[in-house]
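To keep things simple, chains are lettered A, B, C and D as they appear, and every chain counts its residues starting from 1.
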Amino acid sequence: MIVVMSEQASADDIQGVETRLAELGCSVHRSQSAGHVILGGVGPSTVDSQDLTSLGGVREVIRLSAPYKLAARAFKPEGTRFDVGDVEIGGAEVVVMAGPCTVENEEQVESVAALLARLGVKIMRGGAFKPRTSPYSFQGHGELGLKMLRTAAQRHGLLVVSEVMDAAHLDLACDYVDIVQVGARNMQNFSLLKAVAKANKPVLLKRGPAATIEETLLSAEYLLSGGNPRIVLCERGIRTFETATRNTLDLSAIPVLKALSHLPVIADPSHGTGRREAVVPMARAAIAAGADGLLLEVHPKPELALCDGAQSLLPDQLDTLLTQLRAIAPIVDRRL
Amino acid sequence: MIVVMSEQASADDIQGVETRLAELGCSVHRSQSAGHVILGGVGPSTVDSQDLTSLGGVREVIRLSAPYKLAARAFKPEGTRFDVGDVEIGGAEVVVMAGPCTVENEEQVESVAALLARLGVKIMRGGAFKPRTSPYSFQGHGELGLKMLRTAAQRHGLLVVSEVMDAAHLDLACDYVDIVQVGARNMQNFSLLKAVAKANKPVLLKRGPAATIEETLLSAEYLLSGGNPRIVLCERGIRTFETATRNTLDLSAIPVLKALSHLPVIADPSHGTGRREAVVPMARAAIAAGADGLLLEVHPKPELALCDGAQSLLPDQLDTLLTQLRAIAPIVDRRL
Amino acid sequence: MIVVMSEQASADDIQGVETRLAELGCSVHRSQSAGHVILGGVGPSTVDSQDLTSLGGVREVIRLSAPYKLAARAFKPEGTRFDVGDVEIGGAEVVVMAGPCTVENEEQVESVAALLARLGVKIMRGGAFKPRTSPYSFQGHGELGLKMLRTAAQRHGLLVVSEVMDAAHLDLACDYVDIVQVGARNMQNFSLLKAVAKANKPVLLKRGPAATIEETLLSAEYLLSGGNPRIVLCERGIRTFETATRNTLDLSAIPVLKALSHLPVIADPSHGTGRREAVVPMARAAIAAGADGLLLEVHPKPELALCDGAQSLLPDQLDTLLTQLRAIAPIVDRRL
Amino acid sequence: MIVVMSEQASADDIQGVETRLAELGCSVHRSQSAGHVILGGVGPSTVDSQDLTSLGGVREVIRLSAPYKLAARAFKPEGTRFDVGDVEIGGAEVVVMAGPCTVENEEQVESVAALLARLGVKIMRGGAFKPRTSPYSFQGHGELGLKMLRTAAQRHGLLVVSEVMDAAHLDLACDYVDIVQVGARNMQNFSLLKAVAKANKPVLLKRGPAATIEETLLSAEYLLSGGNPRIVLCERGIRTFETATRNTLDLSAIPVLKALSHLPVIADPSHGTGRREAVVPMARAAIAAGADGLLLEVHPKPELALCDGAQSLLPDQLDTLLTQLRAIAPIVDRRL
């Protein structure tokens, strides 16, 4: 932490900052540069710079380390890898998770599960608890949906990822899923994060639509510091002024997250674009940009989907996409 | 609901949309305009237009009514007013809620409560459960904080508003607060909204940093349809590209919300700007724009605040501001 | 300028930065803090920090002064005031500029001019050269429009402000207008700024829809350093994710600009909101926030306007608004 | 054009809209749906829907065709291809344009030109007229810079692309460049667009940092309707709330632009990210997403660059990148 005092800072101001730095557990060194007193504090990397900015006479506070520690690349320079069943996340293989936005009925889930198994996809997604903007929209089948998902997945040897919206449903969900998803709108639901940190399941943490990369890593830090090291981050589009796409899929977040953190990162081009014709190009782009995997919506009959049909791939499109991804992966030292 | 079919729509496509509209409870009328088949559906106002957009042959779906019903101005054209203790929200009097960002200790809360009482402010705010971006930042005193808040408030005849982050703390909080606050980051925490809808307390619902006005009203609709009619909305700044201010306080949301909805609307210029020198001008501006009240941070010694000191008003600034607000209010047919 | 070197910076890296600072005209002082070498450079305030950020071993560069000099508050702490005809901009009187978006025909301009004169408005706006998103939209009457504007203004004793889109039309326009407007989309048209800097006319400089406050002041610096000190800035809404309003009028830019700069600042709630019912509240709010004036669209028959009718005030609304502004102004030590 | 009238629309309102539609050259058909009168207008595709929205009694106006005509995919379904020297833009070959942000001196340009020729890049970029946020930043060498660029390019058999900021410099620039660049900040400088439309040179049109995809195509329409069919669009990042990258490179604009328009589209990951470590992954991603080419910054000694050194590739990085692109191109039916 380096604190640049203003030119007008009084001796008391300087003393005040030194005292606060000491209270925060920092050793302090005072120097002078370009007419400004400079206070260098060495201490715990997680000191909050906001604790200093409002003190009298402070002009600028420069953090010398990221505000997250366990999520930082330096904490695990070789990168995080972990197994879910027989699938490794963060390893050499690009991981595809696919399925319908919402679990609708047994026939639908069965038909998707069969498709995924046939195409070599190993993880099935599907929403049972659905965060819906309107209270009048279908809110998901809840436990019944999880059951359908699990049954179909088991029949076809697939793993399951599904969203949990509420700590109260976490135990229930853990009986059915292999990966717990924290949705974009819950990325800063800190109560939920604290509960999920205690769950004995890997977590798929989606970036919020208005969350910065740093905030995303701080939410991961909630999980890591709470005891759960098996995290995969997911870029799913941010909210911008552009209305031609549902969100703006920020693929540059992938190399930036990879540089800043050791955590695996996947992309969700379905929610990220909201337009079927953009999903395939952006899925290819995500892998070319270095993503560890993809989260994709696929629906046997998108025009009948209860939710987000316009962004769901047709079975044939998924097939073609996977063929292209198998060709791109080796160029970035991966395989599929 | 008006569905404009594409020029290429087949007879089956048209039939498909008509069937879906009928399933959604709409009576359907078919006409033709400018080479396009037009299907007009009359039915429940809460039909989700997304249920139709992905059907085959659909070019555009035009909602003829807002997606919210209970929050719409038409539902209560005269506007919502309700009492909290002896304070009326949404009435002729502009309501000021003020206090520290975070409850720190008894001395601080007592000093603020005394100040508020002296200045004629009737509602005290203060955070006990704090949503913090970093797991290493102070997370609030929890129940202890609520107790301190309540004790000081009672001593000075003030009402209390404080944030609840988790349905699990709701009952506890209701023992101490007069108004339950749902924070900006929880505006789309639908589990929390459903719980708060059942609480027998008025709700202060903050707009999310990336939430549209329509989404804000749909979150209010969760509360209204869940049974809680005592809601006050709060504009607290949206996230934009500008970094000179912490957020961009969208004051135009006030007249727009007032036109679309019957719910009272207040503004939070402290979080909305993050800069003390902007709080007073923006507080005046909010009342001039027609807000029903203000949520303000005030701290006896902002430079020692545990959180958000840079945006807290000094006691003297609050005093001056209130004097100015008393002069502005009558110009917009209010009083203070 | 304070340059914090990274912990890994080599002796050569440090030497490299010192050399570059010296080349930029800075005297350099080297110190050490928290394990980092710190280089303080004292020199011209307009050194571009980007000149240093890409040098080897640099971790962070902190500017100790704003990148603009002539636009900074410190350059003229008492604030800029100047006269246009018998109207003072930046003085005690709030200045209202009003008129149609586009000059359409003599009858329209005459009718607006008569209205403005009757209501005590002293400056008439109206577009003759119109920046239109589509090449097929009406592009304005050009010189003919300026003539109509001038003739009507003169008949009613009004001053004229109108936009110039091109240095090639500047001389022509200066024959007809009292204030040259640089439109939002041209705020970073640096060729135009350099030309306008040489014109012997005051300039109304609109903030670009995606321009930060700092960039706005740097565009003003182009005008100031080019020789034109008579500038009034105009906040007219920024582009955000919200679609309920045409733009998001960033009223907090007013106190922030006032703190950072000595230049007068007005607001344009017509373009800023795009909704007639929001214009009046936001106009009141702008004055309450400390604006030096307003730019307003008014049209005798908005429903027939060739451009932006939906955001134009009706004559009666303007009348009522002015009455309210006359009451608000004294509360912020102004008059109207 | 379909105009949905409000339920309260009077007979006069309906008549008014019909009259205006007829004035705009549309034949009008009146029908009724869901209690609303619907007016269908068939006529020129370039009617501005804003001409109708402010008429009395209008609830919603739905355009049935894009507001651009010559830029629309339907105008040239097979896609635009054109030759610049012996390079085809929009064809099977992915086109790479590379070079320094700014032309600095002969040695630099020569060194880059030699590198490009050696690596098989055929088009050199370099700025001579530089749009700089600050008047105190280096503004480019102007004609001298263009001369250096041309001389080095010619020596190594390269084509040249460079930005023009001002119609006044257009003829001059056309003597030196093969492709005229319209920069992001000038995308809506309509005077410049009209001048460039008349130039006998292909145009590289960059998307503005706050321009929607539709606005970008309307700016292209200025060029096309003005007589210049040789246009290549360039996605270079949009302005969002994220600060970890300089801009947010919106790669989804590539498939969307390809679907809406027949014009070739390239990407600029250097300006789009502003971080060297993100340029290579995003360049790969752009080609995987279907871009027709890339605009890249490369500098022999980035740490000494006068401008944007932090985002310039090192020569070796460009070499490696080109190898990867050669492998990706065939997967999307292209070559390099």
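Just so we're on the same page, a contact is a pair of C-beta atoms (placed from the backbone, for glycine too) under 8 Å apart; a residue touches a chain by one contact, two chains touch by 3 or more.
The shown structure was predicted, so the numbers you read here are calculated from the model rather than taken from an experiment.
The minimal number of chain-to-chain contact steps leading from subunit A to subunit C is 1. Seen from the C-alpha centroid of subunit C, the farthest chain centroid is that of A. Set side by side, the interfaces B-D and C-D show unequal numbers of C-beta pairs in contact, with more at C-D. Averaging Cα coordinates per chain places subunit A and subunit D 31 Å apart. Averaging Cα coordinates per chain places subunit B and subunit D 40 Å apart. Each chain gets one centre point, the mean of its Cα atoms, and the points for subunit C and subunit D are 27 Å apart.
Each of residues 210, 239-241, 243 in subunit D touches at least two other chains.
Those residues of subunit A that touch subunit D in the complex are listed here as 210, 212-214, 238, 240-245, 248-256, 259, 272-273, 275, 277-278, 281-282, 284-290, 324, 327-328, 331-332. Across the interface of their complex, subunit D is touched by residues 16, 46, 48, 50-51, 53-56, 67-68, 131-137, 165-168, 185-186, 188-191, 208-210, 215, 218, 221-222, 225-226, 239, 302-303, 305-310 of subunit C. By the touch criterion given at the top, residues 1-2, 4, 29, 31-36, 38-42, 59-60, 62, 64, 239-241, 243 of subunit C touch subunit A in their complex.
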